[in-house]
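Consider the two complexes below, in which subunit A is the common component and subunit B and subunit C are the respective partners.
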Partner chain A sequence: MDFRMDRRKLLLGALGAGAAATTGLRMPAYAQNAPIRIGWLATLEGPFATGGQDGFRCMQMLLEENNNQAGGRRIEVVRESSNAQADVALARARKLIEQDNVDMILGPLSGAEGIALRDYSRTLTGKTIINGSSGASDTTLRNPSPNFFRFNTDGTQWMAGLGNYVRRTLNVQEVAVVAGDYAFPYAQVFGFSLEFCRAGGRATYLWSPLGTTDYSSIIARIPRSAGALVVIHGGSDGLAFMTQYAQAGGNLPLIGGSIMADQSMLSARGPHRRLMVGMVSAGPIADVHDDPMWNDFVARYRRRWSNQGGFASPSIHGFNFYTAQQAALLALNEVRGDLSGNQAAFQRALSGLRFKNAMGADVHLDHNRQAVSDIFLNRIEERGGQAATVTFARAAQVNQTLGVPEAQFLALGAPSRDNTGCIATS
Partner chain B sequence: MSERTGAVRTGLAARGVRSAWVLPASLALLAVLLVLPAVIPPFFTANILGRAIVFGIIAMSMTFLATYGGFVSLAQMMVAGIAGYTVAVLVPGAVPSIVGGVPYAVAIPLGLLAATAMGLLVGAIAVRTQGIYLLMITLALAVGVHLFIQTNIAWFNGYEGIRNVVGPEILGLPFRNTYVFYYTALVVAAVLYAMVLYVVRTPFGLALQGIRDNVRRVNALGYHAALHRIAAFGIAGFIAGWGGLLATFYNIGISPGTIGLGATVNILVMAVIGGLGHPIGAFIGALIFVVFDTFAADLYDRDRFNTLIGAIFLAIVLVSPDGVLGIARRLGRLLQRRPAAQPAEAPR
Partner chain C sequence: MTGGLAATVVLNGLTLAALYFIVASGFSLIFGLMRTVNMAHGSLYMLGAYIGYAVFEPLYDQDVWWAWHAGILAGIASAAVFGVLMQATLLGWMQGQELRQALVTIGVSIIVADQLLAYFGGTSRQFFAPDAIFGSTQVPGVGRYPTFRLVQIGIAIAVGVALWLLLNKTKLGLMIRAGVDDRQMLAATGINVPLVSLAVFALGAGLAGLGGVIGSTAQPLVQGVDVRFLLTSLVVVIVGGMGSIAGTAIGAILVGLAEQIGQALFPTYSVILTFLIMATVLAVRPQGILGRPA
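Then we have the complex of A and B:
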C-alpha cells in the first residue's frame, strides 16, 4: 500500500513537473529576454543526406559567428531530420512546432517536402516557415501560403540562361534530358526547355523515379541524334547515373542541372569525375566566383569545417540554408527580436528584406514571398587537382517566371513530366 | 461441430490467450485512452497516441492474419495505401484534383471497398504459398504496387502524390482538429479490435485457426481452406483500409513514400515488437515505434538516431521473441507462480 502511494505521488509529481515545463516554455515566448527557438529541418537520411548535413554546417557557422544571438535575444536551435519523403517531413515539422515549440522552422530540403510544409504552414498562426533548400516552383508560385517564405531561387529560376546558351552558343540542335521524376527536376526541366525550345531546339525526355539505382535502361534509350546530354539528377541518384554513364562509355557533351554540378557530386570519387570536367550548368552558386563576399564565405566555411567532414567548397544546399538563416537573423535584428502579435512585425520585416547573399547577389522577395536574385552560368574546370564549378556569365535579378508575364507563365501550366515547357514558337 | 470447435479452442487457450482477461482489460484500456487527452499535451494526443492508433490498425491487420491464420503478409501497408489513394483521387479539394467532387460520405466506403478488394486479390494471388514464399509474394506485390503508383502520373501523380486531402467534417468539426482526429481514430480502432475478437470466435474464425494448425485436417473435414484464406485476407484488407484512410487524413494527403518498402517494414517491426499472439500487440508495438521514431533524435546523436531505434527493436526481439506481449505474459506467469497454493490453471 505504501509503495502504491509513493508511486502515485511520484506520478503526480512527474505530471506536475511536466505541466510546469510545458507552460514554462510557452509563457515567456513573448518576453524579450527568453531565447528564440528555431527548428532546423533537413534530410540527414536518404538520397540527400550529404546536402542536409551541409545545410546544417552552414547555418551553424553563421549562428556561431553571431554568438547565437539576434535582435538582442539568444537563439536556441532544435534540429530534426527527414528522409526526403513528404509525410516524414510533415511529422517532423509537427513535432518541432507542437512539441518543441519553435518560433520558426528553417527547412525543408527537397521539393515534395516543401509543398507539404507549405500546406502545413497554412494551418499555423504565429509561426513562420522559411524554406531551406527545396526548389519546386509551385511551392510559392501557385496557391502560396502567407507564412511560408523562400529566400532561395527555385528550380526553374536556376536554369535561366542555360537553354539559350546550349542552343545559341554551343549550337546544339537536339538534346536528351535525363531527369528525376518529381517536382524539383520538373521545375528545372521546365526552365531549361522554355528557353531551349523557344530558340528552336528539340528534346527527348527520359524520367526515372527518385532513388533509382540502375540506369542502364535509361542510358540505352538516349537517342543517337542527341548532340548533348542534359542531366538533372542530384544526390546519390546523380552519382549513380553518372557512374553508370561513364562505365557505359558515354561521351556526349554534358549539361548539368543545378544540383548536378555541385560539390556533393564533385567530391565523390569515381569514374564520373573524368566525364564531368567541361560540363556546363546553371544555378545560384559556383565554387569559384570572383566576388569578395563569396571568397570570404568559402574561406570561413573551409576554416570551420575542413577538418570536420566539410566539402572543398559549400554545396548548393549549404548555400540555400545559409541564405535562409541570413534572412531570419536580419529580420530578427530589424524587429529587435520581437515576435509578438503572431509574428506580424517579423513577417513584415522578412517580406521587405533586401540583402546580398553569400554569392554577392541581391535578394528580395516578390508578392508571393519568393526570392528574386541572380543566376550564374558555370563550367566545371580542374582547379589545383580538384574539379570545381567556375562562373562565366550572370543573369541579373531573375524572377520566378523567367521574365515572362506572370499570367502568361501561369497559363503554361504547372511543370510536370507531361508539361516540360518545351513549346516551339517558330 | 461443437467437439471440433472445442478442440480448436483448447488450442487457443494453450497459446496463452486467456479470454476471461481480455474483455475487462480491453475496456479498461479504452477508458484510459478516452480520458488521456485531458491530461497530456495536444501534441501527444495527435502525434503520438493518434499516430500510434493509426499505425496500430494497419499492424493489427497483419497480426490478425499472422496470429489466427498463420499468414505473414507484407502487403498490408500497400493495401492501406489503396484505400488512401482511392479517397485522395475522388474527394474534392485534393491537389491535384484527379477525379474530384465525390463527397467523403461516398469516397470513404469506396476506399474501404477498394482496400477489401485489394486484400482479396492479394489473398487469391498468394493462396498457394506458405511461409517464406508467402512473405516473398506479398512483398513483391507491395513493392510492385508502390513502384506502379510512383511512376503513374495520370492517376496517382507519381512521386509527389496527392496533397490537401483534409478529411471529412465530423459532427460539424473539421478533421484537422486534434481531438476529432484522435477520437475518430480511437473509435475506429476499438470497433475493429472488437471485430477481430468477435470474428476469431465465429465458426469462420475457428476454421481459420484450424487452417493455421493443420490445413489437411481442415480440408478433410470438408472446409474449403483456400476460400477461407482469401476471405481472411479480405477482412485484413478492410481493417488495413481504415488505417490507410486515417493515415491519409492525418498526413493531409498521400505519396508513394507512405506505402514504400520502408513503411512496409515499419509495419512488420510494429507487429513483431508488439507481439504476434493477440491483436492488442499491434497497438503496443505501434506505440513503442512511434515514441522512438519521434524522440530518438532528441535522445541520441541526430545523425545516427536510426541506430538507436534499430538497437532497441533488436533488444526487444532478442529478449522476447514474441515481443512485448511475450514479456508481459512471462511476467504474469511469474507473478502467478509466487502464491504456490493456487493450482496451475491451463494445462500446457
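Then we have the complex of A and C:
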C-alpha cells in the first residue's frame, strides 16, 4: 500500500487539527448536551479484584436503571483499574483526569489509595472525587480536601458496637487481632480496640503486609491465652489467612472485620467457610436484613448479575460504590446536570444531600464531607445451604468519631500499627 | 521466640522452601543449559495453575477422587507445552542473544498475565487436595501442622532426586551437562542441540507448572503470583548459583527460612531480609553459593 506523508498533507492535517482544537476549546461552555464523563476507579487486579468487579457491577446496574442519564445529560463512563496500591491508584486517577478528561472520579476501593486520591483531589480545580469504597479514617478526618466526598462510612465507624459486644455480651477477656498492615485495617482495629479495651479487654496485635500469601508464622504466634480471634483481613489475603488457619486446625471463636464477613469471602469455596459460620462482625451491610429497600436492591442485583458472575448477594464494596453512584446521580439531578463554575453548585448539592442508601439507612455528610450513617452487628448463618451475614443489632447514625467529641477523638492520634486505640480508661 | 514457635517457624520456612525449590529448579535448569534468563517463568507457573484449575474444578464438583491429580497433570502438561512453543517459535532462533531473549520473555509474560486475567477474572481460587493430605498432623515439638505443607517437602525431595538421577544417570542428562559446559562442542559431536534444548525447556516449564498447582493448593491462586514467583526464582538462583540444582536447593532453603523468620520477628519489613541475603551473596560470592565463576 502506498501511504506516504508528504509536506502538503502534513500541513493540511495540522491546519485541520488546529481548527478542531479551537472549536473544541469553545464547545463545553455552551454545550449542556455534551455528556457528563465519569471515571470509575476500582481494583480489578490484586487482592481486592473480586470486590472491585462487584463495585463496577453495582454502579453499572444503577446507571442502566437510569438510562445512563442524570440531570438531563447523558453519562459516559471511563473504567480504570488499580491493584490496591496507592501509587497505582494515583497514576490511574491522573490518567482519568488528564487524558480521559473526566468530570469526576468515583473510586478508589482500598484504604491507602483513598488517602492518595484525597491528596490528589486538592491539586484539582473544577473536578470532584467521590470515594468508592476505601475506608481509612484519615482520608476525611484529618486534613480533608474540599472536593473529596465520602458517602460511605469509614473503617472505624464500621466497628461501632463490636468491641462492647465481644467484651460484655460474649464475655471475652483477651483477643488476638490479626490485621493487614495498612491504612484501612488501622481504622478497623482502632474502632474495635477503642470499645474493647475501654470495657477492660486485652488484645495482642499481629500485623502483616497487604498481599501476604503465607500466614503460617502469624498463625503460630496467636497466643494460647486468647479467647477469640479478630480477623481484619479481606480479599485474597483474608481467604489465604482463613484457609491456612483452618488447615492448621484453628478453633478459636471468630470475630470478623467488615470486609472479612462479606460475600467476597463467603462465595469463594474452601475449608474456611465451615469455620466462618457463627462469626460475629460489624459493618454497613449484611446479606440478610429485613428492610424493603435492601430486599429490593438484592433482588435487582440478582436479576441483573446472577448469570454473569455476580455473588449470591452484593458485597460490601459493591454496596459502597453503589452509594457513591447514588449520590452522584442525586446531586446531578438537583443541579440539572450543570457542572459549570468549577462544579461549585454540584459540590454544594453533594454536601447537602440527605438520602437513604440501599440498606435503608439515612446518609448525610458532616463538615468534613464524611458520611454519617447506620452500622449493623451481624452473625454468619447458614441460609438455604449458603453462608450469609444476618443483622441482629443496629447502631443509628454513627459519626466518624463514634460519638466521642471531635477534639478528644483527634487527640487520640491517627490510627496506625503503633496506635491501635487500645487505651484502658476504666 | 519460644522453642515451640521457633520450631514451627523453621518448619514453615522449610515447607515454603520446598515450593520455591520446585519452581526455581526449572528456572535454573533452563538457564544452565541455554543461558536464557526466562522472565516468563512466573507466567508458566500461573498458566499451569490456572489450566490445572480449569481441569480440576469440574471434576471436583463431581466428587471424583482423582480431581486433584488430574489438575497436577494438566498443570504440568500445559506449562510444558507452552514452554516448548515459546522455545520453538520465539527463543530458539535468537539463541545466544541474552538481552533480546530477556525482553521477549518479559513481553510474553505481560501477554499471558492479561490473557489469564481476561479469561479467568480476578477471583481467588484454590485447589483442594484429597482429604488424606489436607487436614493437620501432629508433629512432635510443633503441635498440629497442616499435612499438605509436609507433603510439599516430600514432593520437593522427589523432584530433587529425580532431577539428580536424570542429570547424572541418563543419556539426556549427559547431553545436558555437556551442553552446559560447551554447547558448540556438543553440537560438533553430532547431537541435535536444538532438540535437547526443547526437552530442557519442556522439563523446566513443566516444573513451573507443577509448582503452580502445588503452590495453589497451599496458598490462594490470584492474578499477580507470576511476578512474585519470578522474583523469588531469580533471588533463589542468584543466591544458590545459576544452573546448579544443589545450589537452587540451598538458595530456596535460605530464602524460605528468611521469609518466615522475618515474618515472625518483624512482619512489615520481612522482605528486606530476603534481599539482604541476596546482596550479601552478590558482594561476597557474585556467582552464587554453588555457582561456577563465569
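Here, the second predicted complex is superposed on the first by the 403 of 426 C-alpha atoms of A that agree within 3 Å, B and C clash if a C-alpha of one lies under 4 Å from a C-alpha of the other, contacts with A are read in each partner's own complex, and residues count from 1 in each chain.
Following the convention adopted for this analysis, a contact is a pair of C-beta atoms (placed from the backbone, for glycine too) under 8 Å apart; a residue touches a chain by one contact, two chains touch by 3 or more.
Note that this is a predicted model, so its numbers are computed, not measured.
Partners subunit B and subunit C clash in the overlay (superposition on subunit A). When the shared chain is aligned, subunit B and subunit C each come close enough to touch A:E45.
In the superposed pair of complexes, A:T213 makes contact with subunit C only, with no contact to subunit B.
In the overlay built on the shared chain, the residue A:E64 is in contact with neither subunit B nor subunit C. Once the two complexes are laid over each other on the shared chain, residue contacts for A:D296 go to neither subunit B nor subunit C.
Touch criterion met: A:Q247 reaches subunit C, while subunit B stays clear of it. With both structures placed on the common chain, the touch criterion links A:R417 to subunit B and to subunit C. Once the two complexes are laid over each other on the shared chain, residue contacts for A:E382 go to neither subunit B nor subunit C.
Legend: residue contacts after superposition of the two complexes on their common chain; A:E80 is shown touching subunit B, with no touch to subunit C.
Taking chain A as the common frame, subunit C overlaps subunit B at a single listed stretch, which among 59-67, 203-211 or 275-283 is 275-283.
In the superposition on chain A, subunit A positions 44-45, 53, 83, 181, 209, 417 are in contact with subunit B in one complex as well as with subunit C in the other. Contact residues on subunit A toward subunit C in their complex (touch as defined above): 44-47, 49-50, 52-53, 83, 181, 206-209, 211-214, 216-218, 220-221, 235-236, 239-240, 243-244, 247-249, 268-271, 309, 417. Contact residues on subunit B toward subunit A in their complex (touch as defined above): 39, 41-44, 46-47, 51, 95, 147, 150-151, 153, 158-161, 163-164, 176, 251-255, 257-258, 260, 262, 294, 297, 302-303, 305-306. On the side of subunit A, the complex with subunit B involves touching residues 15, 22, 44-45, 53, 79-81, 83, 85-88, 90-91, 94-95, 98-99, 111-112, 115-116, 119-120, 123, 143, 180-183, 209-210, 416-418. Considering their complex, residues 5, 8-9, 12, 15-16, 117, 121-126, 128, 134-136, 144-149, 218-220, 222-225, 228, 259-261, 263-264, 267-268, 270-271 of subunit C touch subunit A.
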